[in-house]
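Every chain is named by a letter (A, B, C, D, E, F, G and H) in the order it is written, and numbering of its residues begins at 1.
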């Protein structure tokens, strides 16, 4: 169900990861490769945590395009892989459309390489079939900044919601008041690296206070040599 | 009341400052930290000068996210703080929605860290509840330029007005023909630093003319050593 | 009359140059100052060539904001100057609105410093009064790239046409098949500096050919020392 | 026929290449000149491969603007050239409009130099005449990044679809399951240079495996000296 | 005394602040104006804390160059001001050279606006007179990045030590084991703004621990509203 | 022993990792935080692989500066930690100098945060004590690009060799003809992320060839779902 | 005579302007063309004001390289032009070397397009012949930023002094206490455009003061319309 | 023989092309891949034209590093290939050193991928063996801008001359007054793409003049359709 605000509802979402392949990754210029890989991993893991089904596919994985990046199945081991017979638009494949339909969900969240083809085509096709579509722009990559801006303008004008990894994570997570909050914290720290270092600094500082109070804990010595 | 032109009317505005916390500030990459802090301070002060109510909130301020930046209460001492119980979207908190509704105003001006979550979510939620929403993009911050552009595209497409600190200041101020004009000049000079130096140069140059006319004033010696 | 294509018609245009003052120029960061001044001059001159009326105004020109840049009256000597009494939005001034209305034209072309205030406010106000509005983004300037993008998004979403100096020049000029074609060529060369050097190279190369044919002309020696 | 998704259909497309001249190329600043030339060549060749008619024109090609770049006729030898008599908007020329109409196709794909004039004007004019219009932003060029963004915003807001070379190629190609797939691979490798080197690396690596298996092929020695 | 390592010794240093004037500040393009002003203030204050004498001068302060920025005397109230009679190189002024010589120190630390003139000239002149010279490149400013690089190359090649504000601060401070350590921490936090926010986050986090331990302190409530 | 070419000899090297702390990491602006952390980890691991002793230290690790980043001890578990009593220059600490001297090695390789203080000071001090010094500029970080350039210029002019992580790795590794070559390949792939994806693509492509030859191996299915 | 400080002495300088041609200007990418032309003009004019002889030359000016830019002879009408017979290094031409030698001056100041050839070659050649050489890096231009940095490194390492236009102007001018001070102010304002606007603002502000004092002058009305 | 000026003498040069392989090319980030390939091709061709011997080598060309780029042998078909047995520094290979020595030339010109390893190591090694060394920085590539700057600083400080492709071409060519001048023009146009378009414009413009003079030539119709 699409919310009135247009924010994502995990129970109505299905994640499409299209052509995140090691060869295609080489042409990406609008985002640093390590950043794109971390964003992809976090997105896949967030789907796993949220019970969002993941459908993935690859374009000619036996040739220069290369195999799917390991981030897909490492983080979403239950993802469904749909093979293609040369179709450029994954949505042209009956089995792919069926896989989406069978989830019963009406909001597709799409990421892929390269954005102008592998995200734009299935996004516009899904939109034409009546789905709500969110394109995760920084879990996707393309061959120039200008190409990215063109893809964003085209999709947005057609009605695709442009979003980012943190947006998807936060809307699926919805609240910190849940049992797996620490898992989500790990995802946010991965996407925003300064946050990870901040957590380390604060933990150490708090351990110091405990120590001064006569309550020295295990925490303090974590990762720190004896002489520190 | 929303004006026909869509320009802000101070008497109908309420300012929401969401999660401007010292820890979250560390992840901001789309604007320099000092610039963001000056913009936040100027926005809060402008609300104070205009009689615009300010509502603020923080996300888990006892942990790594850190306390609210002092700029909020230093400049808007009467701001209303609403605590949260883990909700990511401040608009999910009944007390927050009530606080906004009780101002009787229908235009909410929103800034926050990080933009893709703390501005996007309450902005879209308020829009769904019938408010006019202006998002102040440079009194907010997020983890990459690409993430900022995604947030802007998403909000703008949904109907949120994208604005900047100078836009808000000028629309609330409306005219230079008011008793507190000097206070407003100070805010503009803070947001646009070249303007501050310009004022100093012009003041000194005018003092020189007065001096040559036999009307030496106090102004000339301000901040200048005896030997100058 | 607005054309079906939305392209400018010189006979229906009026040009508004708002607050292009030497002091305000100092805060401009989204375009190099010399480039902005050349664009402003070319725009004013193009209005003069096209019979497009020019209306200009300044904000507190006796203080730090400084006088209007000389480019305005140097290129559009018949521009009408409208004084203000502190109003930030020029459109709040009755005499300004009257001046526009009395031209009988329904398309206003606006440029100003700073964009987020001096272009955004009169543009949205004129739009609310039923005018077609084109904002010339690179004959305007503001305090950061982010602020420019915010102004563009806001105006565009409201219905203002975003344009540039070359766009305005070419639509007003309409054809090269006119007596003052050389004057227009000068404007294009000013806005696009590489074009000016290209013209020099080609002229010299053609003179060389003439020389080889026994038809040495004056052209060849233009600007070149005897020994060349 | 326009597809429901808005993706291009080669059988309904006509390509307009407007004023890609050697002199005008000198003013281009929003894309590197070699990249623009490769994109232009790939686009022309893709039209040839797809049976998409190409119509081209030049503005005053005998003066500083210079002749059409050779990429046009080298790749689309059957392109139709329409001369102009000074008209800035190619669409003002009856013969140009007729040429488009006589193709019987309703989707025009446009690229040109400079974008703000030579793409914007015919695009908006064709749109007013009822055509679907796609503007290929990176097979076009203009005098600044700001000018490009203004052109994109203006066209997009009016209803022109903003696209890029890879988008056009992929939509016209539609599938890898076609006899001329290798020709298309060459075009993709030209537009995305990292892809070309990747193909070379993979081919060599595969040849090595074959060699170890006792099946040494010609492939291995391609381009490699005897001592390698 | 110059140390063997070439690191600064506060007891042998004298600080020269040359032409940091509000008008000249307008031409600075190689560093943001607010950053330059903070660096200047921190440098002046560090001299004050270290007992390093400060000598300052201005070029035609009654005209467009404007008065000295207040940061100089606000932070180094005992700075000696030496007037000039049009000399561009401050070192050409006998009183300036005398002022330096009378400090008895042999290492001059120089900053100024604009770098290529107001830092380069006195630095090379002082070097020729036998002084050791450190040029503080980010407490100085000039009209382009290219001009800065040229100034750095020229001075460095001649034997001037190129340094930055943090370098000077840390070498003058020498150790954290001193009574005024907190004052120095304030200077570092000013120059490196992320450090200031970090201190706030850590302090709050430590207060939380104390609270949990039953030792709630004043610290926790600093700057935080009742409801937090 | 220093080689004639000045290239590093692992048997004469000792690695100093100075103040790589989670809090100080927040101020780094001249290199992305994730890139710096990967470079630090690779450098520490390379020392471990090469038998190069590692000496590390931290500045006030109990306060905002935070604990050492885990990358240090995770990769160089035998690193020697030397505590400080407030000294800013680690070389001022007798135990630190002793630790270096006792390795018997005369080439110190230094990295640290922030470069202008924690790398510059010990590097210049070690140089004054007769050591050969290499500063690893991208395993270090500082607060601005300008500050980095100043640090590089200062150290280089004094005689410190400026180097990078790949330079150090390759000189210590010396040849691919060694038993632990795969470990080194992993380090190179970490520092240059495109290389990692390339390895994946090539491995998959080779597996495909084997398959076609009737020699299907385990390799092919690694990380790839059944349907691929 | 070379000064001890290495600062320029106008009476010992000769200016070489090498291959500043309209065609070659098109390949310049390391500095904006208008900025380069203004710098060239200011440098030539400064030589004229200082009595510094100017020697200029062009490479094959009859072909694509194009004629010398008019800035050379417009500002230094007495410049000596030396023709070449295909020599790439102007210093290979006997007449060129003689022209320099006959000035009797021993410091050559060189600028040219493109830097890596037309500045590097004569600079290194003149150095080998015993001259002191200053290369004016921003009155020269080349085809990429990387190429510029390579040229600077090479020349600097060989002993050429790297300088900029403002450096040359200020050293030749030496003092503001000279009859032609206003002419020099004009050159500085041309090179640093913000300075020009500043002068206008200050002049207007001073005129306002005079007016308030009952001493209205001509100055006030300069360039300002009646209604202002 | 090394010239007094340090400019290259083709008769004393030998060109080393080290590890320009299709796989290694993927990690290059400090220069666009197409630009690097064009520079490599031009350098190899210039050696061919100048009679400069070329020696090339590759690192593990059977694995992910990939085969040598075709630009090497396409342009320098007589290049000598020296295989390696895992040595990282090509200079460690006796056959490589012998190949250089046997040319009898004492100036080595080096380019390679990646710069910090494949250029730095043989350059410093050759220098230690008494050769003069020029490193061609933009015919080489590495993994970040910072890594490039570190490599340049290190080599330059050690005595390697830093140069660029245009510098090498121009010094080897020496004069335009030679039979193969057109071949050299082609190389310059390849390295500086704007120059190529300029030549086309000028040729067309000259053809137009001839036409007007009654001397229509073949040139005019080159590449231009009938209707132009």
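Simple rule for what comes next: a contact is a pair of C-beta atoms (placed from the backbone, for glycine too) under 8 Å apart; a residue touches a chain by one contact, two chains touch by 3 or more.
All of these numbers come straight from a predicted model, not from anything done at the bench.
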Inset, instruction - Write down the chain pair with more C-beta contact pairs when A-D is set against A-F. - result: A-F
Legend entry - Identified repeat of the A-B interface (over half of residue pairs identical), from C-D, B-E or C-H: C-D
Inset, instruction - Quick one: report the Å distance separating chain B from chain F, using the average Cα coordinate of each chain. - result: 42
Inset, instruction - Averaged over CA atoms, how far is the centre of chain E from the centre of chain F? Could you give it in whole Å? - result: 32
Legend entry - Residues of chain D touching at least two other chains: 23, 26, 35, 63-64, 194, 198, 201-202, 205, 208
Legend entry - Interchain contacts (touch definition) - all pairs: A-B, A-D, A-E, A-F, B-C, B-E, B-G, C-D, C-G, C-H, D-F, D-H, E-F, E-G, F-H, G-H
Inset, instruction - Over in the complex, which chain A residues touch chain F? Could you list them? - result: 21-23, 25-26, 32-35, 37-38, 58, 61-70, 73, 79, 81-83, 193-194, 197-198, 200-201, 204-205, 208, 223-228
Legend entry - Residue ranges of chain D touching chain C (in the complex, touch as defined): 23, 26-27, 59-60, 63-64, 85-89, 92, 114, 116-117, 120-121, 124-125, 127-128, 142-144, 146-147, 149-151, 153-154, 157-158
Inset, instruction - Would you pull the chain B residues touching chain C in the complex into a rising list? - result: 3-7, 30-31, 137-138, 148, 152, 156, 161-164, 166-167, 170-171, 173-178, 181, 191-192, 194-195, 198-199, 202
Legend entry - chain C residues touching chain H - in the complex, by the definition given at the top: 198, 201-202, 205-206, 208-210, 213, 215
